[in-house]
Structures are given as C-alpha cells and as structure tokens.
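Dropping the structure in here first, questions after.
Chain IDs A, B, C and D follow the sequence of writing; residue 1 opens each chain.
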C-alpha cells in the first residue's frame, strides 16, 4: 500500500476543537496505563491514534467513551466536562464508538441491530415506529447491508459484520466517532470501501478518532497522527512526519541492526518444523492465509510483522490451540491429532505473548512447574543453568511472579519454557511493552543461548532490531500472509522502507 | 463459660463446613464449575456408609470407607455424565455454559436425592461413629466423636494443603487454578487435570459426608441445605480461594453457634445469611477473592 | 430390597379396587385416602384403611355396600394434596376422605372439604388450628374431623405420664421445654407451660430452635446450664439428630415428650441405637394391648405389609371403622347426615374409646382426651424395642435410666 | 418482525382449544391445568429476566412468596377484599424485585445467583420465625377464595396466563424489549449506544416481580392456602427454572409450554410414585444435554432447516 497523505482541509484546521482532552491519566493499581495525555479533535477531522500493543491507546478510547473512569484529567465535549460520566450519558452527549470486534446482538436480525441504535433511551417505547424501521433500512443500504437485512449476524461475512458496526455508528449520528482498528481483518477492496465510509463521517463534519497499531494502515485516511507509547505521547503531526519521527521508528523498528546469520545450507536438509498452507479463520475473519514456513534443527528463525499481522495465530496453530486447515509437521510427525499439551511434551514449547505465569506462585515454583517432567535432580541442575543465564531470577527466587517487573516476568517465562528442554522454542513478542534496557539484557541472553546451546528458536516480533540480530532466516508476515523470506541482512534493503 | 462453650462447639462444626466447602471451591478454582449436586454427593456418601454398616453388616470402618468411595464414584460420574458433556457440547453457546452446568448439576442432584429417598426412605440417618464417649475439655463436656470429626477434618485439610503446595502433582493443580492455559503450554492436559480434581473433590465430599453422618446425621432433605451452605461459604470466602473458604467456614460456623447460644437457636442461620448479603453488596468478591 | 420396591409400587398405584363387588350389589362406599407413600408415618395410612375396608367388606360391607378405597400420593405437599382432593371428589366421587398426618396439608384441605362439602378425617395431624377452625366457623368447617389428639391433648398426655412415672423416679422438680420453632409446637409449648407446673415440674428453660438445626450442642449446653431434671420435647421435623447428639454428648438428663420420629419402628436403626432410653408419647405401640383390638390389628398389619403400623396407621384403621358405623347409623353417605352421625361416634378402637368434642367445646371435632376415653402411651426405647411404660394398666415394662443419666440420690 | 404474528396464529387455536376444555374434561384435569397455568406465568416472568435481561435469578420464589404471603396475610388477618390483597401483594413483590435489582447491577453470574438464593432462604426463615403472622411451616389459610367452581377457576387462570403471556411477549418484542436484550447480551455495547442499562434492568425486574407476585397471590386465592412448601421452597424455584429451560429460553411462551409439560408429565408418571420426580428430572437433564434450545427451540430449528 502506498503512502498517500491527503492534505488536511483548511476548514478543519481552523475549526475549534470539539473534543479536548487534558492531562488524562489512568492507573490500574500500580500500573500507569495512560500518563497525562493532551489531545484535541476538531469537527471534520480524522485523527489517527497509534501505538503498539500495551501503549494505552485503547485505554484512552475507553476513557473518552466512559467505559472506564479516568484517574485524573479532563475530557471536554464542546466545553462540557464529560470525564467520569457513564457510557450511556457520554453516548447521548454525542460520542459514538465502533468496536474493533463486531459485537452485534446475535439473536436479532441485522435490521433490528440497526433499529436498536436508532431508539431513544426510553422504557415506554412499546410499539415499533415504522419511520425508525425505514430509517434503519436506508442506513443498511448506505453501508451495503441491503441484501442481508433480515439475516442474523451469525450468518454474515466478516466484512458485513464490520459494516454493521459502522451502520450502528451512523444511526447514532454522533458528533465524535471513535473507531477501533477499522481495517483489522479486511481485504484490500474492503479497506477501500470502509475508508470511503469513514471519510463520509468527516465530510458530514463529524470528528473521527481512528485507533490502530501503526501508521501504515491508516495513513491514507488520516489528517493527523498522534503516537502513543507506554501511555505517553511520543509524536504528533502528519502521517509522514510521524513515520519519519526517530522516536517512533525506534519504538517500532528498534535501533541500528547488525546481523549474524548462518546460511540455511549449514543446517540439516530436512526441517524440524514445517508448516504448509495453513489457513485460520476467527469466526469470519481470515487470520492466516496459506502460510508456509519451515525451521531446521538448530536454526534461529524470526517471523516479523506488525501487531495483528497473524504471528500469534501462527504460533497458536502450531501448538494446536486454534482450529486450522493445512498441515503442520514436527520431526516428520503430523501434529493435527495431538492435544496442545501433547505437543508441548513432544518438544514445541511456547513463550506466549501473554506470558501465562502463575502469579501467586514463586519464581522457583514457576520454574519447577516447567521442569515437572524431569527427575528432581535434573530439574535442579537445569534450574541452576538458567539462573546463570538470568541471574536476576535467582535473586527473586522466593518472590511471587505477580510482583516481578515486566522484564523479569518475561525472563521467567522464557526460563520456565527452557526448563522443559524444548526441541523448538517459540518466542511470541518477548519485547512487548518492555523498556529498552531490558530489551538489551534479553537480547544478550538470547545470543548466549544461541551461541552455547544447540537450541532451535522460532521468534515472532514486531521489533525488527530485536528480531534480526539473532536470526538465521527471516519471514515477514503481513495481513495474514507471508510476503517475504530471506536472510536478515537483506531485510533492510528489500523490506525496510515498506515495513512500517 | 459460655464463651468457652462457643469456642469448643463452634470449632468442630466449622471444620466440617470447611471440609465440605473445600472441594467445592477447588473444582470451581480449576474448572470454573459450581457443582450444585454437591449436597447430594455428600448425602450419598453418608447414606452409603450408614447402609453398609447398619443394613448390610459391614463394620463401621468398612462402612465409612464404602461411604467415601461412593462419594468419589459419585463425583466422577457427575463429571463424566453431566459436566463434561455440557462443556463439550457444541450446541450450547460458550456464554451459557455456566447456567447449563448449574441447571444440569442441580437436576442431577435432585435425581440422586430421589434415588436415595426411594431406596432408603427420607428418614434421617446417622452413621455409627468410629469413636464414642465424651471428654471434659476445660469444663466443657465434649463428645469424642466431635473431637474426632474436627481432627479428621483438619488432617484432611492439612493433607490437601500439603499436596497442593508441596507435592509436584498438587502444584500442577494449583497452577491450573491460576492459569489453565499456562499449564497446557507446559505440557499438562487440562482434561486429565479435571479428572484429578474431580477425584479429589469426590474424596473430600465423601469424607465430609460420612463425618456429617456420624456427627449430625443426614436425610435426603439435607441435599438442598448442604449445597446452599457450601455455596454460601465458598462465595463468602471468595470463589476459588481455598484459604478464603476455610476462613468463611469458621466465620459462618462460629456466627451460627454464637447466635444459637447468645440469641436463640431459632434464629441460628439468619445472621449468617444477612452477613452473606452484606458481603455481596460491599465486597462482592468475598473475603479473599480476586476479580 | 425387592420386597420394598414391590410395596411402594403397590402403595403408589392410583386406585385400588378392594373387592370385586358383585354387579348386583348396592353402590359402593368410596373412601379417598391422601397421604405420602414414601414416609413411614404416611405409608401406613392407606394400608390401614385398606385393611379395615377388607375386613368390613368380608363381613358383608356397610349395609350391603362394599367399601372401595382410592389412594393418592400427596408427597406431603399441600398443593398435591389439594389437587388429589379435588380429583377424589369431582372425578372419583368419593364419599369421605381420610388424609395426611401433616398439619400443613390438612389445613390446606379443610377449606376444600368445606367448599366441596365432603367429610375429611385426618388420622395424624396434631395442630390445634384444625379443630379450632371447626369451632370458629362451625357451619362452614363442620365437614372436617380431627381424628387424632390435638397438640393441647398431646401436651396433657406428656404431663400426665411424666407426673405418674418420672417425677418420682427421677426426683424431678424441674423441666426444660425443647421444641422446634414451628406452628404446631406453639400450642403444644403453651400447654406444656401450663400443665408441667401442675405436674410438679417447674419450667426452668424453654428453648425453641430452628427446624433446620443440625448441631444441637448449643441447645443441650444451654439446657444443661439451667439444670433441669427432665427435657420435654416437641419435635417432628427433627428427631434423629437431636436424639443421636443427646446420646453422643451424654447429656445427663432424661428426655420425654412428643417426638414424631421416635414413634417409628425404624428409629432404632436410624439412630444406631442412640435412642436407648428415650421416652416418647404415642397413641399406640406395637405390643401394647390398649384394647382387645390393638394387638390383632398390629399383627395382621405386620403380616400383610411387612412392618408395624405407624401411629397414623392405628388412627386411620379406627377411622375407617367408625366411619362405617356412622354410615350405618345415618343410613346414607350424604355429607351432612354423615357429619351428624360422625359427631355421635362412640367407638372403641385400637387406641381406646373414640368420641369427638362437640361444637361448643374449643376443640370441636377432635378426639376427646382422658382416662377411659383416649389417652396416649408413654413408650421408651429399650435395646431396640419400644416398651410401654404408662398407663400402668397397659405397661409392658419399667422405666430404665438412659445411659448418661445418673440415678437420683436422696 | 413477522414472527409474532405467525406465533400468534399458532397459539390462538391452542388457546381456543384450552378455553373449550371445561366442556369435555373432568374437574380434576382442570384443577391440574389451573395450577399449571399459574406456574406458566412464573416461568414466563422468570424468562423475561433470564432470557432478555440476562439475569440468572435462582430465587423466583422470593418474588412469588412476597406476592402470595403479602396478599394472603392481608386477607387472613384483616379480611381485606381479594382485589386489594392482590394489589398489595403485587406491590410487595415489586419492592422485592427492586431490592434484587440493586445487587444484580453490581454482581454477575454465580454471585448474583447466590444473592437470589439467599433471599429465598431468608424469606423462608422469616416466615417460620414470624409464624404468628404467617402460619409458619403449616401454612396460611385464607378465608376467601376467588371461586370454588373448577371451570371458573380454570378460565381465570387461563385468561391470566394468556394476558400475561401476551403482555410479556409484547414487552420482550417491543423496542424497549430490544434495548433490554441489548443490555442483557452486552451491557458495554448497550451503554456505548446510549442506553442506561441500569434503568432497563430495574424495569425488567419490576415487571417480572409484578407478574410473579400477582400470580402468587392468585394461586393463594385459588388454593385457599399459602405455604412455604408449595410456593417458596427452592425446589419450587427449581421447577420454574426447569420449565423455562425445558420450554425454550428467551421465548417467553416456552416457559408456559414447559410448565404445562412438567405438570402433565408429573401426572402421567404418577403411578411411579416417588420415582416420578426422578424420571422428570432425568428427562429435563436429557433435554438440557441433547436439545439445549428446549422444546420451542427444537420446533424453530425444524422450521429453519
């Protein structure tokens, strides 16, 4: 997709902001998800709010909508303070939200779903109003749902479900529209249709806030971009300037890249893991499309791709955690009939993005659970080796996992997986919302692992700087498909520019 | 003196409540199932122990063992015949599994209750105690059986604690209650863990049932109140929190005993019910529950 | 086991034709029986009525009319009983209904008996309310007969028996009342409060506890603290539990009174012998010849149904007989005439001489209590047997002290 | 929105047949159906809460009991006329419904279920404790009944059930009902669409309570008695829930179907004696396991395919 930025219309720049956010802060216990965010949104403007997973962008959206109560700060809609209002009042005041995952009423028809959005908040509406139904039909036509109006959402195609969400937003006729990940799971032509519908909002003079992982997917649409990282603003401006911003590039791509790949020919010819033509559907959304990759014994393979490209889905398919089509073989054995637990015992051990630690158990206990299949003495030996690799874990041995910092938790997760003596270690986004200094430690540990053990690793990453240095081979996953394969040193020249 | 009496008397009944509730909270913690046939399983164990020793001439030890065994078998049958089919059913939407499990186990409990009443009438029965006689405890005359009940309860609770916190296999159960996905990724099949948990639950319910039969006696009418009391204690303590259940059992047990002594035995259960309602309003997650 | 299954099945069969009445015979007399087949007390009711009907029919019936019994299982639920009553009257056209030993059920049936003008006899419910209601609105409720003793009379019997047998033996001067907190025990307790002092027993403690109680330790401790010489009970919903705990805790006080469950023949097994030494009042006991009819009835019943009749069984058996007599006297099964005839009942049955209080007395249509009329028997569980202690003329044994009770010292 | 009309066309003949039953059926069967019709209203009112507002109420008998005892006590103690008693009982039930709605808004799933269960247990205990007023466990007898004629009682119950079913269905299918369903299915989305979820749920509780309470009062004046065992015991609540699940959740009418089915099954199985409850429970469990959508769901499944 090419980067084409439409210059903001003169009118939108001059207009007074209708939504003003000042010093918006949200704490969950000790974690600060949003730190003093200031944000303006004008009528007839599309603002892209971007940030990687865990950056706090969704929280900002929820705070504005009233789905969460802010810890501090102000949110004004046309001068009225709405911070802390319940969602239904916020909605009545003129803010609408298009959820990322379609959440229609599953037991009602498409028409009834749209009718619902047109209803006033009254207990006494006991007789249907034909004019409302007419209006709903018109909206359905406008978003392209005319043909499926009497069907239940469960029978709709994915894109139609997303249309339904837009239809509801149109029906509500809000002054400010919040759209969460507008294009997730959509194909090229569908993206175009949706872009047109969203531009329609702007042309009607509504203010639009698009929330997404990265600039690329929304750059064609937005007038302005606001980049968020770890709850704070890191850049704001046109899509181009934000993409060029060094902080943004560092967050998404990391710093300079050195690679040390071993050639593919250096490994045994047959693959340890081979994934062939795997398709995954999440309900109606295609999360993977004919993905094929292979990993040789002892090899370090990285799959890079932005959030939402399908990395986690790929790994879950390997572990048989999601239903899929296509074949996945491990050491020549078809994994289709094995349970996730059996696959783990067979040697494919995942370090999931969500970590899945046992929060109330100590570091030691977490590790021992990983070494559960080993005799006790062996497990103790293994543990000592890992303490050597991650010394901080030894210091934290008796502490419960819940109380560890994010980086320590990540190290514990990796160590726990290594306790299982995996034949193939899958690391899913290990850098997720970690501070740079931690990344470095993690990177060093991985390098040492690669140097000193014959381990086979499949790494999924958005952060290219982290993913490339260790990798022998790289795949690029984009919108559910593998779009590039090659050694890491060729990545910058062939994929670098188009990546972000 | 009355304080001492409350202390002594409340102890055993609370321990029994705790044991009854512990298995209930354990299966909730690991598999998210609220088993409303709980009371029926306890009654099955007690009546089986009674029938084995009083009707079919097994000794009281063999009778008690048969009772516990029936609890175990009953729990596994409940899992395989009722809970697992509902969880596996594709026709039941995920969001509604909970209400289906509740209704299903409730019906199952009624079925067990009816069968027990059919074969052994609905007259209350008491299991022959393993130990008889009384001892003076700081001036309070206490039946040995009551002490025995409290002792067995605490030994079983301690064993459970040791198993879950010390034994390797038990640790996996504990881990599963915190994070089922985590243990799956570590190579443990949740299916097998569920079976193990239901087996442990069955043993606990069986032991609690037999002890209850010896200490207080049961009838098929006890099914509902037993389920309700386990449910209340577990929610009061915090769903899935074993320690919370223990605390809640003692709070309820002592509250009831104190009410019976200080106010009137007629109002025995009312303060506990009111406490439960108050806790639900003020701290819905219970004493030690997390949300 | 098979025997038991067979028995309950036969009891549950909806309508049982008693005798294949010859086609030319007069229209049969139909008696409806509503009771719970599952409980020991309830199951005896249809069986006893059936037995009486068979006997009467064998002797030619009532003025040549055969008695036909139609039974309904109400599962002790008032709603089921009302439904059964409606069916009995409108569908099966019964002439009279003998129903239930549960006060709740009988009180629910009373208005229907009035509305549908069909006589109703309860062979086992104790609540004063039943006969009090007849007294209060005689014109309307006269169709109900309280074919059992009222709570008031039961209390009187407990006091009388205690005075004559226990007070002397135990050197008892005081008593504690221990009753489940239920509507039927209110008049009972009131009557206890009144008659115990007259029997020389000062009431030093009065505990009413929730019928859901499982743990009786606090109750016994509370009672012990008041140092009574005797515990007088009013329990029906509970029975096994307080008895077993009384024994396990070795409460050193003898226990007497009304204990519904203790009258049942399976009580020894259900309490694992915990009932040793427990005293209780009952209208009849299996081996006690209250009249010359008692033992033959018990034996025939036991032989035919494989177990001794419950107290309600005795009352139901007698009720069938005095109903038959009343029909004979009235010469009709027409409701008002039958009621009139029933009121004149003077029949010596298995439990004593049965007569009803009149409409001017407070407990209209309940069985008159007193020596020479109907009293109850004080029984005691001794080594697995129910032994009659009082009245003296029918006693089969002497009081033994319960294991934990020490003999009184001078 | 054509379904209601078609549904009405299906139900109307059934109602006509039901209304004509007294011409050919014995008083006993009518008495049976009379009770079944009141239970049908209990189940339908429960379904409004469960199927539409998304609240699992384990204590329908709490609301029924308030209505029944509220009405019964006024008549028994103070001899107040039946209509006024019914009104007062209904109001009391509505107050009880509002009291349940407060925790329902804060609690979810098993927590709310427990509160409703506790409400029933408390009511049960209070009735026993205040037996002077309530008659305790032996029940409360009311001096007045609506009618002693089986046909009249039957028609009243049938009419009441038909009207209740109509009103409840109308509410469920109205725009306000649509909002209620949205609030029940996904309160977050409903809130984001501008609907005050609390308001709609409270209203649903009030409506459900009103019908439960009124039906509870009517059944008292039909049977002439109110007792814990017949109206409040958790076993009664279980039966109401089973009826609704059996008939088909979120259909309103399914509850009526289930209630009639359960009572009919109980009657047909009467020869089995105490085992009849076992068989009915087993059948209900089988339906839950194999036909989770219930009897009506089964019918609509057939139609769809």
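What we mean here is this: contacts are C-beta pairs under 8 Å (C-beta built on N, C-alpha and C of every residue); 3 or more make two chains touch, one makes a residue touch a chain.
Everything numeric in this text was worked out from a predicted model, so none of it was measured.
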item: Each chain counted as touching chain A and chain D at once; value: B
item: Result of counting contacting C-beta pairs for C-D and A-B, higher pair; value: C-D
item: Chain at maximum distance from chain C, centres defined as averaged CA atoms; value: A
item: Gap in Å, rounded to a whole number, between the CA centres of chain B and chain A; value: 43
item: For chain C paired with chain D, centre-to-centre distance based on mean C-alpha positions, whole Å; value: 37
item: Inter-centroid spacing, chain D versus chain B (mean Cα positions, whole Å); value: 31
item: Between chain C and chain A, distance of the C-alpha-averaged centres to the nearest whole Å; value: 75
item: Of all residues in chain D, the ones touching two or more other chains; value: 125, 129, 274, 277
item: Shared interface positions of chain A, touching two or more other chains; value: none
item: Residues of chain B touching at least two other chains; value: 117-118, 266-267, 269
item: All chain pairs that touch each other; value: A-B, A-D, B-C, B-D, C-D
item: Chain C-facing residues of chain D, complex; value: 26-28, 31-32, 35, 125, 128-129, 131-132, 135-139, 141, 145, 148, 150, 223-225, 227, 229-230, 270-274, 277
item: Footprint of chain D on chain C - complex, ascending; value: 8-9, 11-14, 37-38, 73, 75-79, 82-83, 86-87, 90-91, 102-104, 107-108, 110-112, 115-116, 127, 129, 133, 181-184, 186, 210-211, 237
item: Chain B-touching residues of chain C, taken from the complex the two chains share; value: 1, 4, 8, 38-40, 181, 207-210, 212-215, 217-219, 221-222, 225, 238-241, 244-245, 248-250, 261, 264, 266, 269-272, 274
item: Sites on chain D touched by chain B in the complex; value: 50, 56, 102-103, 106-107, 109-111, 113-115, 117-119, 121-122, 125-126, 129, 234-235, 238, 241-242, 245, 274-275, 277-278, 281-282, 284-285, 288-289, 291-293
item: In the complex with chain D, residue positions of chain A that touch it; value: 65-67, 86-88, 91-92, 96-97, 99, 103, 105-108, 112, 115-117, 119, 121-129, 132, 168, 172
